[in-house]
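Heads up, the next two complexes both have chain A, just with different partners, chain B and then chain C.
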Partner chain A sequence: MFARVVWLVLRKDLMVEVRSLEIAYTTLFFAVSCVLVFAFALVREGRAPEDGAAGILWISIAFSGTLALGRAFERERQSETLRALLLAPAPRPAVYVGKLLGIVALLAAGEVVLVPLVALLFQAPLFDRPVWLATILLTGTIGFSAVGTLFAAMLVRARSRDVLLPVLLYPITVPVIIAGVRATTTLLQPELEVEVLRFWLALLVCFDVVFVTLALWTFEPLMTD
Partner chain B sequence: MPKWFVPAAVVCAVMMAVAPVLIANAPYESTMGLVQKIFYVHLPSAWVFLTAAIVCGIASARFLFGADPRQDRLAWAAAELVVVFGIITLVTGPLWARKAWGVWWQWDVRLTSSLMGWMVSVAYLLLRQFGGPGSDKLAAGLALFGMANVPFIYISVNYWRTIHPTTSVVPTLPTSFGLPLWFSAVAFMLLFVLLLKMRVRLEEQRARLDSLYLSADA
Partner chain C sequence: MNTGEARPAAFDVLTVEDVSRHFGRRRAVSRVTFSAPQGTIVGLLGPNGAGKSTMLSMLATLIQPSAGRILYGARDAVSHGPGLRGLIGVLGHDLFLYPELTARENLEFFGGLYALADPKAAATAALERAGLLDRGDDPVSSFSRGMRQRVALERALIHRPRLLLLDEPFTGLDDASAAGLVARLRTIADDGTMLVVATHDLDLVDGLFDRAVFLRDGRMVAEEDRPSALRATYRDVMTRPQQAGPTNRAGT
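So, the complex of A and B:
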């Protein structure tokens, strides 16, 4: 039952998205503009600052992720489909997990384009350790989306939700940004410090576990009128 | 107002008036000199800041799962005090740091986690102010997430860098330094309790007024 609801919600979200590609195109373009703005701000004499690539990558993910979260739930608000989804005789946590997986899939698709772009523009050796990089990106994205999905869902009913989402989201996701940027910076060093990398990955995994659990636990009371 | 409120307010006012005298008479610290006296304001306000945040978090969790409006009013009042005492802490800290460390701000673990905790409470108030109907529950959720976030910020920044003096020095302080510190800590804590009580009462009366209006309409 649980897995089935998760799959149905995920399939619905992906189907709506694949048919219009609205969020994918707009957030991807926004992320690319973000990278370019940082390139203009930071590049000196044609060279990018040493470990700037990691920071720029994560800032672009966080900013475009906020945009995607806002749009994904705005779409659910327009014809009150979120209410319909919550009225369905399905476990609420399953609805949350379905939504979360949809957002993670969307952001992961964006990262597939974003990472090569950052590697290219900032001459960062991001592809030297692809498995580590993929793990860091995935755990970081899950952590960011776990908080973001819950907040975006609960803000659907609130006034001035567009402004409030980033206001609430960024202070809470600071550990993801710190750990993501530090771990990615470690990857960019010529000598790989596995100990340091393990620490940041462990922190990201703990963050994911705690915040997904907390979100599953609070989704029900938060989404009840 | 409860019976204890006025006497407690008088005691608090007297303590707040006496504290500067005690602080002025405390001996000069040998290396930092006059600027060390900021610590008599900084540390008590930081303690109140932390206490208020804990009160807000617990009351929010209880509101979210118990739906008792009294807990919500308590959480709101505490969140406002987190912001107020947070500002005192975050202003007095850099004033001291400029002299002691040579810089206004360091991305140290205590500084960063205090700043992020303060940001969360400001976000809480913004949500309550501009979130419209139903924002009480959303704010409670935010406070709960903010609480869960503290250890993560602490660990991540701690691994990154730390230079802030630890509080383990406090029990070892000589009496000449310790007395003014504990005195102002008690004064600040009393002030916190009084402000909290007053703020909760204001919200209670607002709620009562609202229900009276509703019953008058009916």
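So, the complex of A and C:
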């Protein structure tokens, strides 16, 4: 039952997005704009600042991710479909996981464009160790989205949700973003320090486990009243 | 229709006992009591802010009463909420449909959420009942309000609920669509489903209700069985000075 509901919600979210492409276009445009602004501001005479690429990549992911989270739940609010999801006898944590995977898929699709752009504009060797990079991006994106999905669902009826979401989300996800930046920076060094990289990756996995567990635990009571 | 999984035991009466709901210091619903036996249509009538939608949210198990209790047969929502949700259908003022998806995809999605054994067959049957079999593969965003309402009603009924809750179901419908909806609601009740309808459209529902519950400022001010001349009764009840308790006009 749990896995089936997760799949139903995920498939529905992806179908809606494929039909409208609203979130994909807006978040991608925003993320690319963000990277370009940093590039214009920081790249001087064709030389990018050292170690800047990792921070710029994660800032772009966080900013565009916030936009995607807000829109994904705004869509559920417009026709009150979130209410319909909560009225179904399906396990509510499964609804949360389905929404979370949908957000992760959207952000991952955006990262496919963002990573080459950052690599190109900031001359960063991001593709030298693609498996490590994919692991860092995936664990960081899950951690960020786990908190974001919970907060976006909580705030869906709040009048000032667009302001409150980043205000609440960034302080809590700062550890994830810092760990993501440090792991990516380590990856970009000429000599890979595997132990250091493992430390930051382990930290990201820990954040994922804690945030997802807390969200699964609190989603049902938070959505009930 | 086979749901494919153990369906929770059905109930044959809805009982609302002295139910109140407060939001902070604001009293949304205060000491409301009524019951709905199997196959009856109960109207919740009252002006804006009377507490009708809050009452429906409590009946739907979305929010819990601050005091009193709601019994579905012998069970209450506090301890049996998730199991009971499979027996309740809700048609809100907003239609609970994804406009980007087709009518069939919407119905199949909700059929899946309600664990129906064959959501595709259930969706086809629902489209047939809605008279929209030929438009089933069109996105809901291309439908008129009346067509959307018909899909939304079938979405609320796709799991064959015992209790159907409707919040302002006639909003935006033309006369023909509204008359069609009234006839459909009667058929649903005749099949044994309990219906609770919150509405302002008194002329449309005249003669539809088996019981009318009149709410004002969250309080239940009157209750009448098989009300006729609903608008006159409503005007009479709403202009009368508030009493300590509700008036039962049954048999008057």
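In this text, the second predicted complex is superposed on the first by the 225 of 225 C-alpha atoms of A that agree within 3 Å, B and C clash if a C-alpha of one lies under 4 Å from a C-alpha of the other, contacts with A are read in each partner's own complex, and residues count from 1 in each chain.
As a working rule, a residue touches a chain if its C-beta (ideal position, glycine included) is under 8 Å from a C-beta of that chain, and two chains touch if they have at least 3 such contacts.
Note that the structure is predicted; figures quoted are calculated from it, not measured.
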- Message: Under the stated touch criterion, name the partner, chain B or chain C, that contacts more residues in chain A.
- Response: B
- Message: Looking at A:171 after the superposition, I want to know if it touches chain B, chain C, both of them or none. Which is it: first, second, both, neither?
- Response: first
- Tell me which partner A:42 touches in the superposition: chain B (first), chain C (second), both or neither. neither
- Identify the partner contact of A:86: answer first if only chain B is touched, second if only chain C is, both if each is, neither if none is. second
- Partner chain in contact with A:117 - chain B first, chain C second, else both or neither: neither
- Name the residues of chain A shared by its contacts with chain B and its contacts with chain C. 225
- Query: Which bits of chain A are touching chain C when the two form their complex?
  - Reply: 1, 4-5, 8, 12, 15-16, 19-20, 78-81, 83-91, 224-225
- Contacts from chain C onto chain A in the complex sit at residues 5, 60-64, 81-83, 85-86, 88, 90, 92, 94-101, 105, 109-110, 112-115, 139, 155
- Message: With touch defined as at the start, can you tell me which chain A residues reach chain B in the complex?
- Response: 147, 150-151, 154-155, 157-160, 163-164, 167-168, 170-172, 174-175, 178-179, 182, 199, 203, 206-207, 210-211, 214, 218, 221-222, 225
- Query: Which residues of chain B touch chain A in their complex?
  - Reply: 64-65, 116, 119-120, 123, 126-127, 130-135, 137-138, 141-142, 144-146, 148-149, 152-153, 155-157, 159-160
